[in-house]
Every structure is written in structure tokens, then in C-alpha cells.
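Read from first to last, the chains carry the letters A, B, C and D; within each, the first residue is number 1.
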Amino acid sequence: MKGPAAWPPLIYLVAFFLVPTCLVASYSLRARDFSGHIRAEASVEGWREATGSYSMPILGRSLALAGAVTAACLVLGYPCAMVLARQPKGQRRAWVVLLSFPLVTSQLLRIFGWLNLLPLSLRGTTWGVGLVMAAAYLPFMLLPLLRACERVDPDVRLAALDLGATPWQAFHRVTWPLTRPGAIAGCSLVFIPAAGEYLIPHFIGEGKVTVLGTMIVEEFMERRNWPFASAAAMVLLIVIVVPAAVSIRLSGKGPRARPGGASE
Amino acid sequence: MGSSDRADGPAIELREVSKRFGGRAVIDGTSLTVGRGEFLALIGPSGSGKSTLLKLVSGIESPDSGRVLLSGQDVTEQPPYRRRVHTVFQNYALFPHLDVAGNVGFPLRMAGVDRRTRSARVAQALDWVELGPFASRRVEALSGGERQRVALARALVSESEAVLLDEPLSALDPHLRTQTLELLQDIQERLKVAYLYVTHDREEALRAAHRVGVLNQGRLEQVGPPEEIYRRPVSPFVASFIGPINWLSGERSEQGDGWVELSGGPRVPTTSRTLPAGPKLLLGVRPQDLWLGLEGFLGARIVGRQFSGTSVSLRLMSELGVPLTAELRADVETPPVGTDVRVSWSPEEAHIFGVAP
Amino acid sequence: MKGPAAWPPLIYLVAFFLVPTCLVASYSLRARDFSGHIRAEASVEGWREATGSYSMPILGRSLALAGAVTAACLVLGYPCAMVLARQPKGQRRAWVVLLSFPLVTSQLLRIFGWLNLLPLSLRGTTWGVGLVMAAAYLPFMLLPLLRACERVDPDVRLAALDLGATPWQAFHRVTWPLTRPGAIAGCSLVFIPAAGEYLIPHFIGEGKVTVLGTMIVEEFMERRNWPFASAAAMVLLIVIVVPAAVSIRLSGKGPRARPGGASE
Amino acid sequence: MGSSDRADGPAIELREVSKRFGGRAVIDGTSLTVGRGEFLALIGPSGSGKSTLLKLVSGIESPDSGRVLLSGQDVTEQPPYRRRVHTVFQNYALFPHLDVAGNVGFPLRMAGVDRRTRSARVAQALDWVELGPFASRRVEALSGGERQRVALARALVSESEAVLLDEPLSALDPHLRTQTLELLQDIQERLKVAYLYVTHDREEALRAAHRVGVLNQGRLEQVGPPEEIYRRPVSPFVASFIGPINWLSGERSEQGDGWVELSGGPRVPTTSRTLPAGPKLLLGVRPQDLWLGLEGFLGARIVGRQFSGTSVSLRLMSELGVPLTAELRADVETPPVGTDVRVSWSPEEAHIFGVAP
């Protein structure tokens, strides 16, 4: 069945997402005058700076940091999700609400709390920033993982045991492949915003941890080098779009975990 | 993995097995034997412990007391993956991320069978269930009946001596059940594998099994061939569960054995076997064993009539105030609704039980 | 069935959410010296400032802004969700992915895009901040609304029509009550972070729009009045927790929209 | 909202109605009348257009051509909420946010009935379906059978002349179906409301309806009382769909009318009515109409036996190479598997159709 045309969300996407993105893309290809104003003529200077010897180590550090945060969240989140998926339904629902709490309460509040909890030796270091980011992003990993674990029919694991799989084989051959789409979704939801994170490196890093997010803000707001900042934002977008596209591909191919009943 | 390592003894044996959940005995000191190559069906209402019994055999649950033996070997302490018995789950529990061949080959892969042998045996098992060309299909693309057969092939592929089936037809459309039951029967006969088959559908059990066991509240009330269960039930529960029946209450006639005095009504003859002890008696006659005519034990009025193709069922209100159902062949002329008739039955077809007062 | 104890997520909640929050709460009740350092003795000075004549208009402006943004998202999001819920399943899935995109791509990029798209007259104004916030938060409204709309059995609406309800009555008496829990969830997901938003007022407001988020950062980082900033963060938390608790109550009471099949 | 505004005419009338979806005719020029107080059951395989037909009556779909009349009034152009006919949906489609009384009272509320009258009529409707004490229960807390009865009460409460039922028993457990069908029948008789009842279960239709219509690919093949449909089907499709049947192919005997020459086998007599025209003939006999004995038209070997309580069904392989099924009463002694028997039947019970070559 072909549904009605989905104009309203399409308009939203174009107006609120595509247009601003294209504008930034166009700025990245302009020249600037010395006061920081964008001029009409084209230039690849922004891109040259954004892929130059100043930016590339920062890009590398941002991606490594995002990757480490993602890995930590996965390792911490998977056992949590498995335990929660076995809770009775009512309790599971309460847990989802509790775990969503950190997502919606003010990030600032937690950042300042953390700032004061962190040992002095970690303040202003990449390790400290990573720790706070992992704490902040764990719910983004946990919720899709929990949903994936819930969807796995418990009988399927029992069937694996019944058919001769040891508990480890049952995990490796059945449970893990069935929850992988959730893990991929969780990893995307952590990695993508982590790669562009600004607030945590800004406040926890105390100006000593420069990542893409802080670099872009600095260039935009303080140095007023808009072509450079725009090009860096585009690099970030590209670096993010590629893994996102891959992850959508992978999770799109993933099976529906609970086979439907017999249909007529 | 041939048959050389098999010990002697019946395919499945339960000895005085009990299992409690939260203080309630779900299985209560049950013993049961499924012979080699035997098709044994367990029936009972929901909550009677049927599925738990299967889980005790497969090892998914372990008993609180009693022993479980497979082919004569005590496996009570073994985890499920060490027991050479496989289950067809009620919802099939196929692996949605594997294709049909991956599902069917799973037990062989876990047993370390090499790829080439595996694919030959998978192909063979798919042939048994008539799914030969489906090897590389996605499980999601299959119909309910096809999934059911994949689950069966997966349970059969390692050629263990026994397969457990947990209401295997209950998720299928009614019109598929008869033919799937026949397929299950054919395979059972061909492979000489033992089936322990759990169902709540008495007709499935009667049609297909060599022996039928009736479970009630964790206890096996009766085990025997289908016709024995149907014709000589040992309790009112079995008699009611195995098929529709009209119950009349009464007591032993004072005029000597062999007669039952119906409550508030006439005396009816019984066969000469001694009547059960209970002060109150319960007399059951199946709808198809009631005769309607001008003569008979009981007066009744026809109050309803339903045609079902092969038969006509008449609802009667007897002079005792008890409603009765009679089922007659559709090709016999039946009297219209409102007629007064007399009802009788052959004394051999009456099932008589004693009940506590 | 009682599941296994859920220790791992409990530890997470306590360590990563409760402890930082309590720390901030304790700071709000301490005195400070003139250099901004927290001293040992207790004081309610922070709370007095946070509920004083400087802070209260800012709190009021923040809540009004968050409320307006939430209302705009609801009015824009509901028709979108209704249209999307009627799409075939595969297309709906693609839309969910597309609509999640703005959520996970760098907020900074879009903020700078918007900064340049906004007419000059809106830059540095509350209107401009609200507009950009509504654009940024719409997906948070849309996704739970879409899920609620999807769950409404289409036959239930047909049943209403069949039983004599006009299309408006069918919406008013059936569709709306059944999707209300989704609307409440969406409103919470928009209102709560919007009330504490920092990035958008900071960059779009160009320093001229002071809301709670910007005030807290300013007090923490620049004026180093930690007791005041902590107390303000706690006020924000309280202002947020009350509607959240109410919304959980309301959505917890809401019915499951699609009645299950007959069970044995 | 009394009966004063009702026009004359049958409760439901469809005149040459057609409906296409994506180029395919789902309903193809069908006419059908449901009289006042009549219980008409429509049966057909899935995809035959049964549910679409109901939607055309309720107004959820509108026909491409043809007219729909309710109580003699043409409602073809009216939206569903103007049509005084209510539906019991297959999945019940109860309003999960309203309690039982809120669901049942919904049509009255939409019709502007005041609160006091409404609650009296809701109580009455709940009494009809034996759910009196359930008025303030949440819909979610109900069992499948109770939901079904709430849906029925909701469709009945405004006392319109006709109720549409879309496979109302299909989501119920088998053991609930018989008693729910009886409840449906009782209510229908008591309230004299017309039922247009769609099902794919032939037994439901035969048991309960006054008339049965058989739909095949959007066309009504036959409409008539249950026994007429069962005993005198007008096509092989109807004969097969209404009950199990053994088909034998043959052709008109050259030795005169009244005999059929079975393909590769003997001649069999038929009743004297003239044989159908087709060069090929199809002869159908129901399993319970086959006789086994020492004499008969056909030789066959018994290859299988199934006991089902009330009957024994024998699988036979005939000398023609066609498998046959015979169903005998369980109390008659049946020959064992492997016996050669001869099969015959009463010529009146054979259904003969012509087929295109």
C-alpha cells in the first residue's frame, strides 16, 4: 500500500536541516577579508586549512576519543542491557524512565558536578573528558541495546541450548547476532555526537583539550575564520555521514528478531 | 555420532519426577515411558504441566526429585546441550538470522560435524519435511506451515532417538493442521523416532498417537491406546476431556446391582460389572451413543438442532431438568424442534464413576 | 516472574547521575570566599540569589521560551506524525532514520548555519533563539509521536466511524486519547532540555538573550559564584523534575494502544 | 432513534456491486439480500472478498458500481457514520482507553443519547451478552472471549436492524468457539436482528446460519439453506469448500445416460437426472457416504486408519490409483490396515459436475 505523500516531514528536513547545512557548505568555499567577513569570491583556502597540519591531529584526536568512548559504552552497556531485558515488564519500563533521566536533565548540571568530582590529575586532560563523555553517553547506548535484547525471543536461546549449543555458543551464535543491530544503533548514537562534542571538552578540558567541536567554535566565534570553521564542520559531517550510512546499511539488513506468528 | 553409543532402554523414561514452582507442584510424582519408535501424545488442559514435563526431558528445567533417563542413561544431572533429544517449540523458535539450511544444520554444527557431511544431512532432513528447495530461503519469508516443518527438520537432523513436540500445530491455521499431522506421522513411522507430543487438542492425540496420556494438575491420570482411553476412561476427568459427554447423577439402586437410580428419575440398567463404591454415582453417555425413539429410559424434548454436514446435533431438555446433547448421522431423518421423544442408550456405552459425597 | 537483580544499571545511575547531582546540591548550600573558592561552612546565600530578583525573570523567560518551543513542536509535529504513521512500513523506517539525522549530526554545524540564515532582525533576540530551538527539537517531538500513532490500531478509528462518529469525533474521542501518551512524552523530551539549553541561546542570542543555561555557565565560569550557580542548577532541576514526574504519571496510566490478541 | 424512521425492505441489499483494488476485481457484480431478522453466513477462502463485502455494507469502502441499500434506503453515497449498521471487527477493535461501559455506550454517545438513557441501554446490552457485572472493567483486563462479547454488545446497543460480523470467532480459542456461536445465535433469535456473518469456517456457517453464501473470487457461487448447500452444491468449488469430498474423474458412458465411466475403471450408476454437459465429468462422494464391503463399484486397499473418538477414518488406495477417504462410525468394527475391500456408495449421494476439457 502506498501511503499519502509525506510532505510535512520532507519540508521540515529540507528547511531545518538541508538548508543550514548547504549554507555552511557554501561558506566553506568562500574567501574572507581580514575582519572575518565572507566575500563573494570562491576559495578553497578554508578546506586547505581544515585538512592541514593544524587540523588533522585535532580531527584524529576527536575520532579516537569518540571511538574510545563508544567502546567503553558498549562494554559497560551490554551486560546492563542483558540484565534489564530479563526484568519483568513493569520494572523494565521503570528502568527505561530512570535511565532516560540523565538524557533530559540539564547537561550543564552534570558537567559541573563532574568537574568537581574528577581528581585534579584528570581535569583538563583527554582522559577526564573521555570519562565524563562515557558517563554522559551511556544511556544512548543502553536504550537501543535494551530494545534489541527485549526483542529476542527467549525461546530462541533455549532452542540453541536444546539443540546442543553450550551457553557460550548460544551467545556467540544466536544472542549476539540477534542483538547486533541494536549494538550498531547504540554505537552510532554515541560515536556521532561524541565526535562533534563541544560542551564537555570545553568545560572539562579547561581549554587544554582541543577537539573538532572546540576548534570549530573557536574559529567561528573568536578568530572569525568562517571559511575554515565551515570547512571543518563539513569535514566533521563527512566523517560522521560515512559511518552512519554504513551503520544504517548494516542494521537495515539485520533480521527482525522475533519472527511473527503464522499468517493466513 | 552413529547409533553405536546408544545404551539400551526406552527412548524416554521419567521415574517419579516432581517439579515445584513457587510452592505449587506443577509435576507431581509422574512416571512415564516412551518406547523406541513410539508416538506418545500427552494431553491435558492448560496449566496441567504438559510443557513443564517436556522441559524436564529436554533439560531446560531440572526436577526437584525423580530421575530422567534417555535410552536407559540417567541424564538428570546433565545440561540440555548434553542431552541427545531435541524439541520442536510451540512458536518454532527458529533462528531469524540464519537461513533455512543454517537453522536445520545448527545442531550438527554444534556437534562439530564437518561442513560437507552437514550439508548432505541438512538436504536429507529437508527432504523428509518436503522443503528440499527451501534451503537458502530466509526464515522470515516462510509461511507458518513451512516454519513448522523447518523446526521439525532441525529437531530430526541429528537422528537422535527421541523428539519432543510442544503443541506443534497450535500456531497453524486449522486447515493446515490435518495435513501437517499426517506429515508428522509419516516421518515418525519412516524414521522410527520416538515422539513425545504435547497438545491440548484431544482429536490430534487420538488420531495420531500410539498411546495417549492424560495429564491433570501435574498427575498422569491415564495412559493407554487411544481407543482404550476413549472407551474405558478411568475417571470423569478423562471421560470429559477426551470427548463431549452427557453426565447424569444417580445412585446404586436398592433393587440389586446392575441398576442405577437416576436422581429424581427412573432406574436404568448397566452392564453386569460391579458398580463403583462411591455413595453417589455419575453416569456419562456420549452424544453419539444416545438413541431417540418412542421407547427409552428418559423423556426429553428437542429444544435445538444444528446441522454440521456430517452430523446433526440435537439439544434436548430431559425430564430430569438436565440438558442433553445427541448427535445423529445427518442422513437420518430427525424429528423437528419441539417434539417429545424418549432417550435410551446401550448399557455398554455408559461410563459409571463413583464420586465422593 | 521476578528477574535477576539489576545491579549494573543501578550502579550506573548512582555513580554517574546521583552523585554529581548531590555534589552540586551540596555546593549550593556552602559559602564562598571572594576568589570564588567554596568554603566549608554552610550558607543559604546561593539559594537566596538563585530565587532573587535577578534570577527569577531569567527563570521565567527560560520556562516561557521552553513552553513556546514545546507548543510549536507539538503543533508542527502532530500532523507530520499522522502522515508518517500511514506510510508503508519500509518507508516509515527510512523516515525515522532521516529524521534522526539532525539529532546526531553536530549541533554546532546547524547552529552556525542558522546563525547566518536568520534575518538580522532576529539575531540576538528571544524570537530567533526560540525559532532555532524549535527547529532543533522537533525530532524529539516527532519520534515519540510517530511511535504512538503507529501503535494505534487503524481498525479502532474505522470502528469509531462505523459506530457513528464523524471524522472529527473519531479524532477527538479515539485517536487523540490514544496518542496522548506519545504527545506527553514528546513534550517532556522537548521541554526539559529546552528549559536548560545553553548552546543555542549562547550562540544565536549573541549574549543578548540570558536564560538559565547561560546564566549558570556565566556564574560558574566567569563570576565564579559557585553556590549561586549550583543553587540555580538545582532550581532548574526541580522545575524540570516536577513536570517530568507528572508526565511519567500520566503516560504510565495511559493505555497500551493496541490491545493484544486473545490469550488462553 | 426508534423504529419509526425505518423504511421498508430487506435489512441489507446489495445490487450488482463491484469493487476493484489496483485493477483486480475483489467484488465482481455481486447481488445479495439479507432479510429482516435473518442470519446469513458468507464463507469463502481468504482473498475471496468476504471482508471487502462487509466494508461495502458498512461504508468503510464504497463500491465502484452498484448500489447498497439498508432497510430499503439507498445508502451508497453515505459515509459510514450515517449508516445505521454496526460491525463486530475481527480483532474486536475495542477502544482501549474506555472501560466496557464506555465502549458499549460509544454509538449512543455519538448519536447524542442522553446520559441516563445511555446507561440503561448499555446495562441492557451487557445483559444480552452476559457481561452485566463487567461495566466498569478495563478492556485490557478482559479475556479474548469477553472482548468479543463487548464488541458484540457495542454493535447491538443502538438496536439497528443489521449487524455485520467479520470472522468474530477466529481470534478465540477453539474451546470457546462453540459456546460463543450459541450465544450469537441466541441473541440473534431474541432480538430479531439481521446478521451478515463472514467466516472461513464452514462448520460455523452450517451450524448457525439460516442461509449460507459461498464466495469465490469476488463472486457468489451459491446461496441457500445449509442443508441445500451441503447436499446440492452447484459447483465442484462449493462441494469441496463445504466439506471433505473424494473426487473421481470420468465421462458420460456410451451405454446411455445415468451411467458414468470412471477414468481407467468401472462404470458406476447415477440417479436418473440428466448428467451435466461437459465432455469430462467429476464425481464427488463425501467420506461418510462411502460404503466398504465385499461387493462394490471399486476395489481398494486400506492403507491407513485414524480413530477420532466419534468416527474412524480410513485412508484407501483405489484400483484407479486415486486415494480415497472413508469415514465410518467408531462403534462399527472396521477391517484392519492392509485389507482389500470394495467401495460403493448410494447414487443419490454422488455429486456430478461437468468440467471443461
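Assume a contact is a pair of C-beta atoms (placed from the backbone, for glycine too) under 8 Å apart; a residue touches a chain by one contact, two chains touch by 3 or more.
Not measured: the values here are computed from a predicted model.
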> When you check each chain against chain C and chain D, which touch both of them?
Replying inline: none
> chain A to chain D: how many Å between their CA centres?
Replying inline: 56
>> Suppose each chain is reduced to the average of its Cα coordinates; what separation in Å results between chain A and chain C?
In response: 19
>> Give the residues of chain A touching no fewer than two other chains, as numbers and ranges.
In response: 264
> Got the chain D residues that touch at least 2 other chains?
Replying inline: none
>> Quick check of your reading of the touch definition: is the inter-chain graph here a line, ring, star, complete or other?
In response: ring
> Taking all chains into account, which pairs touch?
Replying inline: A-B, A-C, B-D, C-D
> What part of chain A is in contact with chain B in the complex they form?
Replying inline: 153, 155-156, 158-166, 169, 173-174, 177-178, 254-259, 261-264
> So in the complex, which bits of chain B are touching chain A?
Replying inline: 58-60, 79-81, 86-87, 89, 91-97, 106-107, 110-111, 138-140, 143-145, 147-148, 154-155, 158, 171-173
> Which residues, counting only chain B, touch chain D once they are in their complex?
Replying inline: 174, 201-203, 206-208, 226-227, 230, 242-243, 286, 288-289, 306-311, 327, 329-331, 349
>> Using the touch definition from the top, list the residues of chain C that touch chain A in their complex.
In response: 1-4, 6-9, 12-13, 15-17, 19-21, 23-24, 27, 76, 79-80, 83-84, 86-88, 91, 93, 95, 97-99, 101-102, 104-110, 112-114, 116-117, 135-136, 138, 142, 188-189, 192-193, 195-196, 198-199, 203, 213, 216-217, 220-221, 229-230, 233-234, 236-237, 240-241, 244, 248, 252
